[in-house]
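Two complexes come next, and they have one chain in common, chain A, joined by chain B in the first and chain C in the second.
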Partner chain A sequence: MRARLICSQWMCVAVVVAVSSLSGAQSTANQENQWMGIESHIGNLTGHAANAKDDYRRYCVGCHGDLGDGQGENAVWLDPKPRDFTIAQFKCRSTPTGTLPTDEDLFNTIARGLDNSNMPPWNTFTKVQRADLVAYIKHFSAKWQTEKPGTPIQIPPEPEVTADRIKAGQVLFKKLECWKCHGVEGRGNGPSADTLTDDLNRPIKPFDFHDGDRFKCGKSNADLYKIFMTGLDGTPMPSFADNVKPDEAWDLVFYLRTLQPMKTKEKEIARQLGLKPIDPNAPNP
Partner chain B sequence: MKFQHARYSLAILASLVLVSIGTVMLDQKVNAAAEGKITGTVKLDGTAPRQRPIDMSKEPSCAKIHESNPVHMENVVASASGALQNVVVYVSEGLTGNEASAVSSENPTWDQKGCQYIPHVMALNPNQHFKVVNSDQTSHNIHPMPKQGGPNHEWNKSQPTGAPPFDVFWTGEEVAIPVKCNIHPWMHGYMAVVKGPNAVSDANGSFTLNLPPGSYTVTAWQEEYGTQTQKVTVAAGKPATADFTFKAK
Partner chain C sequence: MISSRRSLAGSLLLLVSLIVGCFPEAHALPAFARKYGLRCSACHESWPMLNYFGQKFKDNGYQLMNDRDAPIWQNPSYWPVTFRITPIWHRVSTGRVAIDEGGGQNNGETRISSTGFDLSGLDFHTGGTLEKNFSFYVLPSSDSTATFHFETVMGRLDNLWGSSWLNVKLGKFELDNLLSEKRILTLTGNGGIYQTYHFIPVGDNNIFGQMGDNQLGLEYMGHSVDDRTRISAALISSSDGNIGLVTGANSYTGFFTGSQAFDAGRLGVERIGFYAMVGEAATTYRTSAGVPIPGSGIGNKSFSREGFVGQFYFGPHFDIDVVTQHGSDNVWFGQGFGNATNPSNGTPCPTSGPCGPNNTPGTVLPATARAPSWNGATFEAHYVYSPQLIFIGRYELERMSQQATVGNASNLGNIADYTIGYRYNPFMTSRAGFAWHNEYNWMHQDGTGPQPGQNLNSSELLIGFDFDF
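Showing the complex of A and B:
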């Protein structure tokens, strides 16, 4: 008799669980019906959200969740947290701070992955699969229905590295007060470093340039350029586009390369120059 | 015959004059109607929580400014008599279409001065432009954080010392958007984006809203104590009163 009672209690629990998971599935279904027609456009490629359903379920849902809200079952174990697609805010963009990224930005992020996070490079996908997934990511937020991506920032062709440019970059590093967070030697130990938090109010560390070139949004010089000109939305890293001219931005890129642990052209020039770390107390030239 | 003609024209002239006088008077009446207003004060009932002093020693250029007069947190700014400052007062219900869609032509300034936001709380209409200024000898990053998934986008811009002011606006209503500087973590403030006439209570806790006669719901918002509402009827030419009292926690 007692065993039977326990058994029926468990059945009760099972029913509740089943019903609640059903309703969860329903809200996903509603959302899917609503914006599933959305497309992505990368060059000549057109991605269709509906085609990415299986890939998303297979590869993305564990972290980003059924509803795209970053609440997948692995999310509790991860830091940084998986992106919540329902708010349509992204770190790696070619567009100004506070705007939506381009389809191409999302397309590149999927292939590149995000260093220093649990997002691996998904370079096993075909371009079509990735384009479809970009559309699928966009179907989670109404923002993609009402707003257009920002206009990508201007990136002039990369100039020749010169000693003058590296020196000018160092002046910018001091003047823009990059060192307040990243430290005078770029070790991520500036006076404000310990107090930084992200949008979820979780502690976040500024990048240590002596760690290597595992920048959040790509390793190339152009990626580095984009990171500080557009800012990493959702983190303390602001956009410097209003106060750094496009050509000057290259100077800063070259200077940042002198801080790297590996051999770089810039580091060699800095060595020949006998470049010392900045003195934050010295007046700006 | 001629005399009669003259009489007719006189009558027409007289009626024209009367009509025009009437129009002028009617106009005045409309103007008087537009000049209705709500005035009031915001008070704190009880003792304000202790506002911690801010240690700016990590930013010597700002610490120097406040050397003789140390600054405190501004979560609750109340006078000895209980007047509550920095409370946003706005009309949450009862605005006509015109009043609700009007955008103030004022172009307020959000200043970063002495490593503080001045003002600490600012009220704006959607699409009302404002200027962000850095008056300090240090870089700031201005980082407003609207509600995620809401109508406004978060952004984060660096403004080094000497950089020119920039112009910006919010599109969606939101009470209120917290603003912070990540470089100087003690800096924080709020921007309230509301439709129609709005005010922020001053050091005496007083505010004025200019409104046409009508029935309104007026809301007061304070960053620690949340919102309070009350119904107010504004009559032509006679200021209505709406006082608010927040209870200290």
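Showing the complex of A and C:
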């Protein structure tokens, strides 16, 4: 009798669990359908998630997965891993760290691609296609329903490159301890480099400035400025917006340009200055 | 006269048979998909036909341009090789085939229809990057009897001095046709090629102006970063891609293209462009025991092909490609001079038969000879129901505007060609391609039957599995 009672209790539990799972699944499907109505706004363009369904399936699903969770069939082979859109965390933003990017940020990322990853530049799409895809990306996460994108940071006009600014940038490079990850010469071989992981505990390498003229989130000076003032969310690269004044940030941009392989005005000035790599053990000036 | 007509019809039938026996080689590389982890559909509207992203990938030298293109980023065991083959069942029906009757030769005619299971040839594609901005493509291709030849062999220097406008290719390659015959979606004998790219007037023997055939030469190509603007110029040997310098010395052809694409909002990306092929080829060959000596061709005569191309999208599901052509050949070609090689294998052959006459010193053209010219157009529509299912419809017309010989019927040799079909891919991955292919082609040609004024009709129904891995 007791055994029968226990058995029936377990059956009740199982039924409750099954029903609640079912209702949970139902709710997810409903939410997805509801979120499919989400839009993106880039200038005068309005993107509609529903319009991007075919394009997402054609171009994106192999890496980002049907559910946008970055678990596409190829994800296992890729490094870095494809973005998980369900957590709505993005590296390339014009908005402060911890906030959602603007639609335009995502719009530009699709066209630009992400260097040193398997995400190519999809600049053959029409603007409408890209706007629709931005909306589709947003439909994967509830975060877009409850939060608004951050306010884009203000970038002051780029000043003239001078020797003083480059030297000041080098001081910042040391003071902010950029070298701990990026190395004293910016080769991505700092003492912490081998220990870095992203928010999902996956190993991640710091950027090697000698690698080329393109960064993960663009190639212009303004792009570089944005990277360290907004941070690369989800990675160990923090935002320095609270540590660096907006105008000083340009000094760091100019110094970082001296570390890159291409010929730049900054590099020429550094050569004339006879600028040496920083000494981490030397006292700060 | 009847006899010559029969001979002509016989030659045409032979040509059709050869075409029927040779399915087109197509370029679709799961090897690229495997390398980059992208599904076939990312680059192909339906494989092997490229979409705009795939075209940009090709124009960049099979590179995504994300600094992961060099082989050093691949697993050392990765080798970019893919095979493609197509087992099929097809029904081929050819009208007015000259036959022997009552002890005579070629004195009768009949329609021959045959059905059965068959095979395409086998292609082994290998291509990709040797290093960043050094790309290659090698394609040994067989006919259905496993006799191989090199369909494509080329090396390419990409993005010279960091500019997408500077790319140089050397070897044997497909001309920069926006509507690519090597990526054609149809497989039947007459529907598996673009008639506009291969049209030759009746009596003409200029095989060198066939834009659809891969050619030997050097190509410059440039494009904007987003591939909206594309230009190319190629210098090729006037040999129709045959190796071994079998035709004339100093016989070259230039092929020039340019196109511009526009963002048309919800309609999609629209592209318009032009092409021009201008060349010279030999008509006179030194002979030895009556056989043309390979490479001895002189007496160059000119030919040209030019036209417009357009890719028009009407939303995400429907598009139409259009290619027009005006072609003209020198009067000598129109009278059968020109080719000194066997069209089927490129080997030298006697001065009679399929190779045509030799323009030896003292040869005089008949008073009725004229330079042939014609106009043609190809319209190909696609309805992309989903990345896995595409419907194809094509109409091609070739119309003579001036016959090679005064007195020939004005419509002699005109062609109308219709093809419909669909391809269904039951799965889509980045590892392999598989298509259930169904197609019907009907082709009509004016005045080339065994009897004067008779027209030729042929048709083919094809069902098969088209796959690559």
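Quick notes on this one:
In this text, the second predicted complex is superposed on the first by the 253 of 285 C-alpha atoms of A that agree within 3 Å, B and C clash if a C-alpha of one lies under 4 Å from a C-alpha of the other, contacts with A are read in each partner's own complex, and residues count from 1 in each chain.
In this section, contacts are C-beta pairs under 8 Å (C-beta built on N, C-alpha and C of every residue); 3 or more make two chains touch, one makes a residue touch a chain.
Since we're looking at a predicted model, the values are computed, not measured.
When the two structures are aligned on the shared chain, A:Thr195 is found in touch with chain B, with no touch to chain C. Using the contact criterion defined above for the overlaid structures, shared-chain residue A:Gln145 touches neither chain B nor chain C, since it reaches no partner. With both structures placed on the common chain, the touch criterion links A:Thr162 to neither chain B nor chain C. Once the two complexes are laid over each other on the shared chain, residue contacts for A:Gln154 go to neither chain B nor chain C.
Once the two complexes are laid over each other on the shared chain, residue contacts for A:Pro238 go to chain B alone; chain C is not touched. On chain A, the patch touched by chain B and the patch touched by chain C do not overlap at any residue. Those residues of chain A that touch chain B in the shared complex are 84, 86-87, 89, 96-99, 141, 175-177, 180-181, 191-192, 195-197, 199, 231, 233-243. By the touch rule above, chain C contacts chain A in their complex via residues 36-39, 41-42, 51-53, 55-57, 64-68, 225-227, 263-266, 268-269, 316, 386-387, 429-430. For chain A in complex with chain C, the residues that touch the partner chain are 51, 54-55, 57-59, 61-63, 73-74, 77-78, 113-128, 211-212, 214. The part of chain B that touches chain A in the complex is made up of residues 58, 138-139, 141-143, 145, 148-149, 153-160, 163, 166, 182-185.
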